[in-house]
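Read through the structure below, which is laid out as structure tokens, and then see the notes.
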Amino acid sequence: MPVNHQVIYELLEETVGPDYVSDDPAVLEAYSRTGWILGRKLKRRPGFVVLPSSVQEVQAIVRIANKNKVPFIPVGSFLHWSCQATYPETIILDFKRMDKILKIDEKNKYAVIEPYVTYTQLQAEAMKRGLWLPVPSSGGNTSVLANHLFCGSHFAMHRIPYYARAVLGVEWVLPSGEILKLGSAGYGDDYFWGEGPGPDLRGLMRGYVGALGGLGVVTKMAVRLYPWTGPEAFHCRGVFPEKVVEFPKDLAKLYLAIFPSTEDAVNALYEICRAEIGMSLHLLSTTMAMAPMAKSREEFLNLLEAFKDIKEFILFMSFKTSPRVMEYDRKVLQKIVEENRGYLIPDEMVESLQEGIPETIRSAVSMRILNPMGGYDVFRSWAESLDKLLDQLKQAKAFLEEKYRDFIHFYYMIPLELGHYGHIELSILYDPITQLDEAMECQNIGIRQDAEQKMYVTGSAGPAHDILGPSYGNYQLLLRKIKKKLDPNNVSNPPYPIDVTKT
Amino acid sequence: MSKSVKELEQILGGGHVIRTPSALSSYSADKSCLDPMNVPICICKPRTVEEVQKTVEFCNKHKIPLVPSSSGVHFYGRTVPKDGGIIVDLSEMNRIVKFDDRNKNATIEAGVTFSQFESLKEKGLLPLFPLCAPERKSVLTSYLEREPLLVPKLEYYEPILTMEVVLPTGEILRTGSAAVKPSKFAEYVVPFGPGLNWNQIFQGAQGTLGIVTSATVKIEHLPKLDKLYFLSSNSLEELVDPLYEIQRYLLGYECLVLNDLDLATILADKKSEIEVLRRKLARWTLIVCLSGGVKLTEEKLKQEEEDFLEILRGFRVGPSTKLEGLEEKVLLMLRQSYKGEYWKQMWKGDFQDIFFVTTLDKTPHYFEVVEKISSELGYPMDEVGCYIQPLVRGGACHMEFTLFYDSNNDKQLKKIKKTYEKLVECLFDGGAFFSRPYGSFLSKMTYQRNLAYARILKEVKEVFDPNNIMNPGKLCF
Amino acid sequence: MPLEECESILELCFRCSRCKWICDWDVKNAEFSYICPSLKKFLFDAYSAQGRMDIARALLRGELDYSTKLLEIIYTCTLCGGCEVTCRRNQAKMEPLKVLQELRFKCVSDGKGPLEQHKKFAENVERHHNPYGEPHEARFKWLPQEGKEEDGAEMGLFIGCTIPYRLPNVANATVNILKKLNIKFKVLGDEEYCCGGVLYRVGLAHKARELMEHNLKKIEESGLKKLLFVCPGCYETFKSIYPKLGGRLNFEVQHMVEFLSQLLENKKIKFKELSQIVTYHDPCHLGRLAGIYDQPRKILNAVPRLKLVEMDRKMDNSWCCGAGAGVKAAFNDFALWSAKERLEEAKTTGSKLLLTACPFCELNFKDSSEPDKNYPEVKDLVELVDDLMTTL
């Protein structure tokens, strides 16, 4: 059925009002691109952008999409390339009018939020109430709800779960327009629990990463919060670039340790997990640590040169979860580092590092890795046991060092859930003007290598499911069936989570 | 039917398809009083995943219902074959395939029991226990059914990492990073994906979506030093805030609340001891196990203890290391399976559980609701056991009431059913969330009040089990 | 740098959305976390720095045509610089403000800009040397003849356009202060033309250059060694924009707030007490664009019994009043809305007095104030100093 743009526009206008829908090219241009390799390559304007204010409006929009057979994409802060339209006449749902923190339950430690609440906003409000949640690598200005649906990889995953585990009750508009409520939300206004009843349908919302808007729109979500023993707010002095945060010294502390080999470092990671100490734990390549500190490529290269004898180090954060725990953490860390032939860098040498704590907590430093080159993307990203991650890393690094020497690469490895498994990202820094095509080629090779070598990828989405599926027990066949069941008209951000036009 | 049985015997071998009246009878009902009996055609006992597959393929082909069962212990009607069919009993698939100290996990088959699993303690490892798991109970069944675990400080809380599932079509789905099996780059320990979180979908499914034949599950390290603390009170309300504080500061390992009846019954060696113990105990006991971990254990215990005592200063109820000389028994209670006849059967022979998820602050209210209704129905409140298990650092809790009765007494049996249904209805109306709806009464109530959820579950069911052979009649199927 | 040469800047944008929000460290309340007024008002991402950068890129590549909507998007930006502060924390090489300004130059050079309302005030400047179209000769009406020139004065007072024509009380307060301190000054009188800042900001760089050339010539001829400003818009124009236009300043420039702060430091002034809660609004042209934050606070903290309660969005996070860069002229409703947002924020501090150091902010706040909303009274810091100051 041919799409009648004007008819759709009028229906959308009737739903949300004339001020909250647009098909003007200048407006649409701002929803056409993201900064990832794929995002730069797949630039496309959607057909419409609409700003709903309620779940009823969302339902109506979804029904319009179904009736007129046009795709829709619910977006958060639009950081990820899956927010970009794949097909013409796509309706983007921008949730700026649904930006309320509906509830913070201090005792039971959760918040109920609408889609456009950002991490910074939620953390700031939570801190006033003795709670917090870590900001993920995407930064404090991303949507909590969207990120919990999509990824939720943050610096404290050693102890606080990856956000796939942190979703509680949910209000979900299915691709058909029907509302589905998960967990306790299905029985009243209390969103405190997400499982069931019976089989846990939160399992349909995401895998290691999410369905990328391909299975409908979540309009309300409860997320876990965690006890915060720090101040109610950050108090800052000065202005950028000299702004400092007055942060209590006894609340958190960062430690750095170096080891003679990566294997020794990984052994230390295991021991730290076994001892169940600390809030945050990473094995970082030196390149990863230096990138956010450098303001230019030259400065970055100078830093790398200065630290060229140190390939990587462990970064450990102790946090005052109870009055005396930090002292215990320090002693155990010292012991473990020594037992694994490492060297714990003395406090006085890492004094300035402590200034990074509030930045880590509130902003997540990671977006500052854009500084040296301007372009950044993930080459490979896996989850597995720490030992196997190390094997995978060696393989992939060797490949990059041989075939793509011009890219600066870096990695971080983080144990999850006190070392039951881990996650690693091997990423590249590139110049987006001169190296975009090469970066894309490199990434495409990466996913194929994952399939050939049967490494368990964390970031698979869209076409990747069909590339990886045959090596992963053909799960993509089931995924395709689920998509077809829930989205029979294939209007919810096709081709995500999987392309149903393929057989 | 006998033709089918013969074909199954060919698949599994004669000794592994059982039709004796006593065996059939044992699967036709269980300890729940909820649903009527129904006799299966036979019991199949596969020994390998290939045999499971073939059995399932066979049932699929001939549209014969099948009910997976891994446990020797059944309380909630889950494995009673509502629509007839066969029982697929996985109890002979009972290997602990491997355990991994370094990565803190064990790979177990479906038939591994808690009794077997706790042998890992000899290796310095600690399996994650629910409260007093029956020794013959399948570990995997317990985890799949989301039985609450005793250690709320582990935020992630789900013990299953990866699973191998035989789908109702006979195909195999491996969840998480087990999907890449076999791979030299994997140890099959990542719980998410691929694609969707299949782990979550199969949990709580009561065997209606597939048969889990094995799984890799989390284990922890056995603390080298422990110290139990007890907070005792006759008022549940008095224990709520201390419990929140303990969880907030991430202190302690195992942590739970039991009323006098439950605690006395668990700790009693025989029926006659129950009343004696009960009289010694306060109405409510909050049990916290502080542990020294595995490194600098004495320092750890000291740190935990000092923090623990500091944060509890100011509460009316003070902590004590004493519990009427029962301290050692309590520690055993926390760290091993329950041996012999199940504790809930000791007192009157039978029991009916009512459990749901709620928040700690609401538990006194729900206790009052149960008190009121029981009184109205003439069910004595001092015959109701109560167990509260904080979940995920106290963000919620599992609340469980146990009604003890003698099923040989018809009057009691009728009363129990009536009391149960009335209590469930009132608790449901009062906001208790029944995340694990067992039995027809509760399932019906649950899904009728959330039709959208039921509808989507059925869509999912159609994907996995288009012929609806897998434990039909359960949940909303 | 013309827009065409900004490609490397445009390619740096990762769409991280920092440009929409204040610095995350400073967020205390979710309610006061936006930094970009046009985004908060119009909601579509096109109205943020990120959106405008996307538009710039598309214009350069011929992927987008000019339209009313496009011009509206470009010209609803007040060029407040809020986006630049937060963006550069992630990307030190980013210059979103430069792109936003260059977009306007491109509109003008492509014959599409500025907007009619801007053309109107440009005409006023041409004819009357002020954007309001008021008589040029009335520029110094507020100043008695004998005050216009003092023998031996090496310091000039550049009064700008908004103060004399709209807020003469601020001009009077300034002169009162100087007189109390016996500080000699002179004014350019009829030779003072509009600084040209607002013309530059709407894209009329060539017209701004003409004004610059005139003003600098007259200042040179006057022999002044220092020029004092009360309007931050003029101050920032002289300090930052004139050099971009090739102008050379052979004299010192100072804003009144800096001047007063120095006097305080040198113990030349003190204040009578005032028992009141006040709050302070950092004007964009004084704060973010000129780096003056501490001085007004030093002044306020020196008033005995005065309690300064800061708004959440202070200093480099200051919420723009909504008036700048031609927005007040072309989109008055939006400018008033932005001002109201700020007044609501000021209300939360419990203050009855909102102080600022910019006449354009003050005017816009006053225009938007509603009696039944209990907004704080708005006043220029210079007026407060005039009220309370004593000499030592």
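Chains here go by letter, A, B and C, matching the order in which they are written, and residues are numbered from 1 within each.
By our rule, contacts are C-beta pairs under 8 Å (C-beta built on N, C-alpha and C of every residue); 3 or more make two chains touch, one makes a residue touch a chain.
These numbers come from a predicted model, not from an experiment.
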Per-chain CA centroid nearest to the all-protein CA mean: A
Most remote chain, CA-based centroid, reference being chain B: C
Chain centre separation (chain A, chain C; CA means) in Å: 38
Rounded Å distance, chain A centre to chain B centre (Cα mean): 33
Inter-centroid spacing, chain C versus chain B (mean Cα positions, whole Å): 66
Chain B-touching residues of chain A, taken from the complex the two chains share: 105, 107-110, 159-162, 164-165, 174, 178-184, 186-188, 190, 192-193, 195-209, 211, 224, 226-227, 270-271, 273-277, 321-325, 327-328, 331-332, 335-336, 383-388, 391-392, 417-421, 453-456, 458, 460, 465, 468-469, 471-473, 475-476, 478-479, 481-482, 485-486, 497-498
Residues on chain A engaged by chain C in the complex (per definition of touch): 20, 22, 24-27, 29-35, 39, 49, 51, 77-79, 94, 96-97, 101, 117-118, 120-125, 128, 135, 138-142, 233-234, 236, 239-241, 243, 245, 295-296, 358-359, 362-363, 367-368, 370-371, 374-376, 432-433
Residues of chain B touching chain A in the complex: 102-105, 146, 154-158, 161, 172-174, 176-177, 179-187, 189-206, 208-209, 218, 221, 244, 248-251, 293-296, 299-300, 303-304, 306-307, 310-311, 357, 359-361, 392-396, 428, 431, 433-437, 443, 446-447, 449-450, 452-453, 455-457, 459-460, 462-464, 475-476
Chain A contact footprint on chain C (complex, rising order): 7-8, 11-18, 20-21, 23-30, 33, 43-46, 48, 50-51, 54-55, 58, 63-65, 67, 69-70, 73, 85, 88-93, 291, 293, 315-316
